[in-house]
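Order of writing sets the chain letters: A, B, C and D. Residues in each chain are counted from 1.
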Amino acid sequence: MLDKNGIAKRIAKEIKDGYYVNLGIGIPTLVANYIPEGVNVVLQSENGLLGMGPFPFEGEEDPDLINAGKQTITTLPGSSIFDSAMSFGMIRAQKIDLTILGAMEVSENGDIANWKIPGKMVKGMGGAMDLVASAKNIIVAMQHVNKAGESKLLPSCTLPLTGVNCIKKIVTELGVFDVLPEGGFKLLERAPGVSVDEIRKATAGKLYADDDVPEMVVG
Amino acid sequence: MINKVVANADEAIADITDGQTLMLGGFGLCGIPENCISALVKKGVKDLTCISNNAGVDDFGIGLMLKQRQVKKMISSYVGENAEFERQLLSGELEVELIPQGTLATRCLAAGYGMPAIFTPAGVGTEVAEGKETRNFNGKDYLMEYAFDADFAIVKAWKGDTAGNLIFRSTSRNFNPVMAMAGKITIAEVEELVEVGQLDPDHIHTPGVYVHRIFQGKDYEKRIEQRTVRSKEQG
Amino acid sequence: MLDKNGIAKRIAKEIKDGYYVNLGIGIPTLVANYIPEGVNVVLQSENGLLGMGPFPFEGEEDPDLINAGKQTITTLPGSSIFDSAMSFGMIRAQKIDLTILGAMEVSENGDIANWKIPGKMVKGMGGAMDLVASAKNIIVAMQHVNKAGESKLLPSCTLPLTGVNCIKKIVTELGVFDVLPEGGFKLLERAPGVSVDEIRKATAGKLYADDDVPEMVVG
Amino acid sequence: MINKVVANADEAIADITDGQTLMLGGFGLCGIPENCISALVKKGVKDLTCISNNAGVDDFGIGLMLKQRQVKKMISSYVGENAEFERQLLSGELEVELIPQGTLATRCLAAGYGMPAIFTPAGVGTEVAEGKETRNFNGKDYLMEYAFDADFAIVKAWKGDTAGNLIFRSTSRNFNPVMAMAGKITIAEVEELVEVGQLDPDHIHTPGVYVHRIFQGKDYEKRIEQRTVRSKEQG
């Protein structure tokens, strides 16, 4: 079973040299810490920055320089700043190679719900609907089950949707899954020490697993 | 050159009246028009529809206007942490329209570029699509979204000249240039107001033609919403 | 009767303090020379400039700084440079107060033809169709009759159109005309020494003229 | 950062093949990708569809490609003074599609911003509207125009860095940034190629994400089409 950093570490392996990547809030943010040496990646922050760097040193925070999570950040050499229209323009035009974001639910056909729980205060979708509707490659980073113990990999989403038929891959504390074009979750890798049966029990949607699903190698 | 300078925020917003639609630049608390917001609070104008990506926090930004019940409707993508906002929303005092961030930005762009509507895939198949025209291009579905129609756009820039040309600093640019283009009347407050000829024409983000009033702002707090740092040891 | 500079001089009087103005090629370009002292005007060049200045001094030409007529120019303090999308964006959004351009024909209902003569080499419409379709106020500067002696103010255009129902005012060597919302040309001013009868003869479209049309004051 | 540098124009255009669609930046002869045009002439690739506001002059710019009969179709707003162009057009060797300049620019923008189509009033009621969908918004008619779909965009910038960020100089900006956004593959030639960190992030006109290949250009002629001057006496 992986912890949050383990999920982030595993996802980092999906990032290829030369990728422009948008990281959502939460576990996705952690992915930046595990991008391998020698893999050149540019992080986009959808408030208007390409080339996001690490947090600033104490005392060097710049209120004019934040990321989409409103955190103070830095820029790397070669970064560029642009307005919100261009930022979402490049997202819509699929110039961003990979989007990694969290989810409350993902369905067998790649629908995602991650912005609204009926009856609870709704904060808004921010840029999530734009990202999931446009990105050519989306990986969801999330816990496999919710706090009530219910699976978040479902036959169909029960919560209001963020986007339809858009998620390609999911990494949870239990494993790595492809969302198949014909529908269903294909188990690609088991988290260390986790059996296919355990995963099957935690997955409400249709799960496809070969007999010899490998255990993942993290880090 | 045409001189767009007004004395201060009070003068800049003097003709904003109850019930109008305002765009306010900024992302979170970054790049928000602090001076104009203060002046709007002072003026007490109410029943406003505010188009802004966020709604400030309880005691800063648009939150100050919310506290005074000046806002009838918020059009935003994310309304964040704001207890008074939540109270007004749940009690039905405040109307909120949540729209995707890119749709928000592009509807501003559409207004500034004279395009009555644009197409975006954001929200297709979700409740955002309800009542909207969906259209398929090259096998992909898009929603048709309309250009915004705002009485005023209020933006904050880093530098500006007397002709209304604006330059933004770092990620405080965000929605400011696209909203500056989108208002029927655009008001810009700047940290540094300079004479014409002081700004490089190649570096202008918002040409003065889009700006109707400009003034030298003062006392910028520039509050940080999420102060995240690393220690020098972490390196 | 006015010469080209006279037409330009008369049109310059239509320009109000604070106007952003787009000047087409030909007579419109001359208008810049006659803008009165104290009237602050910003000239737009649709290739991407606000704040166009006069031609450069000899030896100071900059190949990177030209106007929409491909002429070397200068910028004035307070100018700004932008790309072609923004340039036509501000035109479409009616941020330009006044457009002055030439025409081959104008019709009673404000249609304009100025880009194409069937059978002749067609060079293209450039930005003319964008300008006439979007501008809130358009003045046509042109000769009243063509080289064959035929009126260019017509009941309807014979040449391929550039835009429909868009021209508000016309200044020719013979006079100043409003295009009436209900159709027809309303003679506002006669050029010095020109009679209403002469104008009527040179105008194929419906002409409305009061008994006491004033002679224009130029300059 | 991602390194986009290639050695020269020949390498940059090496995989452009017969029959492809190219966008070429520039307005008149201002800001045209001189090095890439020379390389295309040298390579001799043919049956090209070229999207460019103008078509060069007889012995410069795209005119050099026309002279070699490399262009099957020009999509432009104004084709200017070019005897060989005229000859090929009248003889039917060359196909020409003339479209309004703003429509040209906005169809590029649409491609770069992932919008499949845009609405513009330009051309309503004219032959440009033939076969196109007309739609009324707020009492005004607009044509629906589609985003361009170009295999390559070839642009010329003043400065660029190894990550592909571009800065344009004065009115040589023109169509270059919007075309840079619009190509499936975008090639940028620059007068000065610098290391990352040399350009101010606030001054970048085209972020590197839109640029796939960049190289240091050479021997720029920058021909002036209409040399207009005033004498010092005129003042």
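FYI, contacts are C-beta pairs under 8 Å (C-beta built on N, C-alpha and C of every residue); 3 or more make two chains touch, one makes a residue touch a chain.
Remember, it's a predicted structure, so these values are computed and weren't measured experimentally.
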Q: Could you tell me which chains are in contact with subunit A and with subunit B alike?
A: D
Q: Please identify which chain has its centre, taken as the mean of its CA atoms, farthest from the centre of subunit B.
A: C
Q | Inter-chain centre distance, subunit A versus subunit C - centres from mean C-alpha coordinates, in Å | A | 56
Q) Using the average of all C-alpha atoms in each chain as its centre, how far is it in Å between subunit B and subunit C? A) 36
(Q) Measuring centre to centre with CA averages, how many angstrom lie between subunit B and subunit D? (A) 33
Q) What parts of subunit B, by residue number, touch at least two of the other chains? A) 106, 109, 113-115, 120, 168-170, 173, 201-202
Q. At which residue positions does subunit C touch at least two other chains?
A. 49, 75, 81-82, 85, 88-89, 91-92, 134
Q: Sort the chain contact graph into one of these: line, ring, star, complete or other.
A: other
Q) Which chains are in touch, pair by pair? A) A-B, A-D, B-C, B-D, C-D
Q.
Help me check something: in the complex, which residues belonging to subunit D touch subunit A?
A. 1-3, 111-115, 161-163, 165, 181, 195-197, 201-202, 204, 207-210
Q: Could you please specify the touching residues of subunit C with respect to subunit B in the complex?
A: 17-18, 20, 40-42, 44, 49-51, 75-82, 85-86, 88-96, 134
Q.
Could you list, by residue number, the parts of subunit C that touch subunit D in their complex?
A. 45-49, 54-67, 69-73, 75, 81-85, 87-89, 91-92, 111, 121-130, 133-134, 160-165
Q. Which residues of subunit B touch subunit D in their complex?
A. 106, 109, 113-120, 137-138, 140, 142, 146, 167-170, 173, 201-203
Q: Would you tell me which residues of subunit B are touching subunit A in their complex?
A: 27-31, 53, 76-80, 86, 89-90, 98, 100-106, 108-109, 120-128, 158, 168-178, 205, 222-232
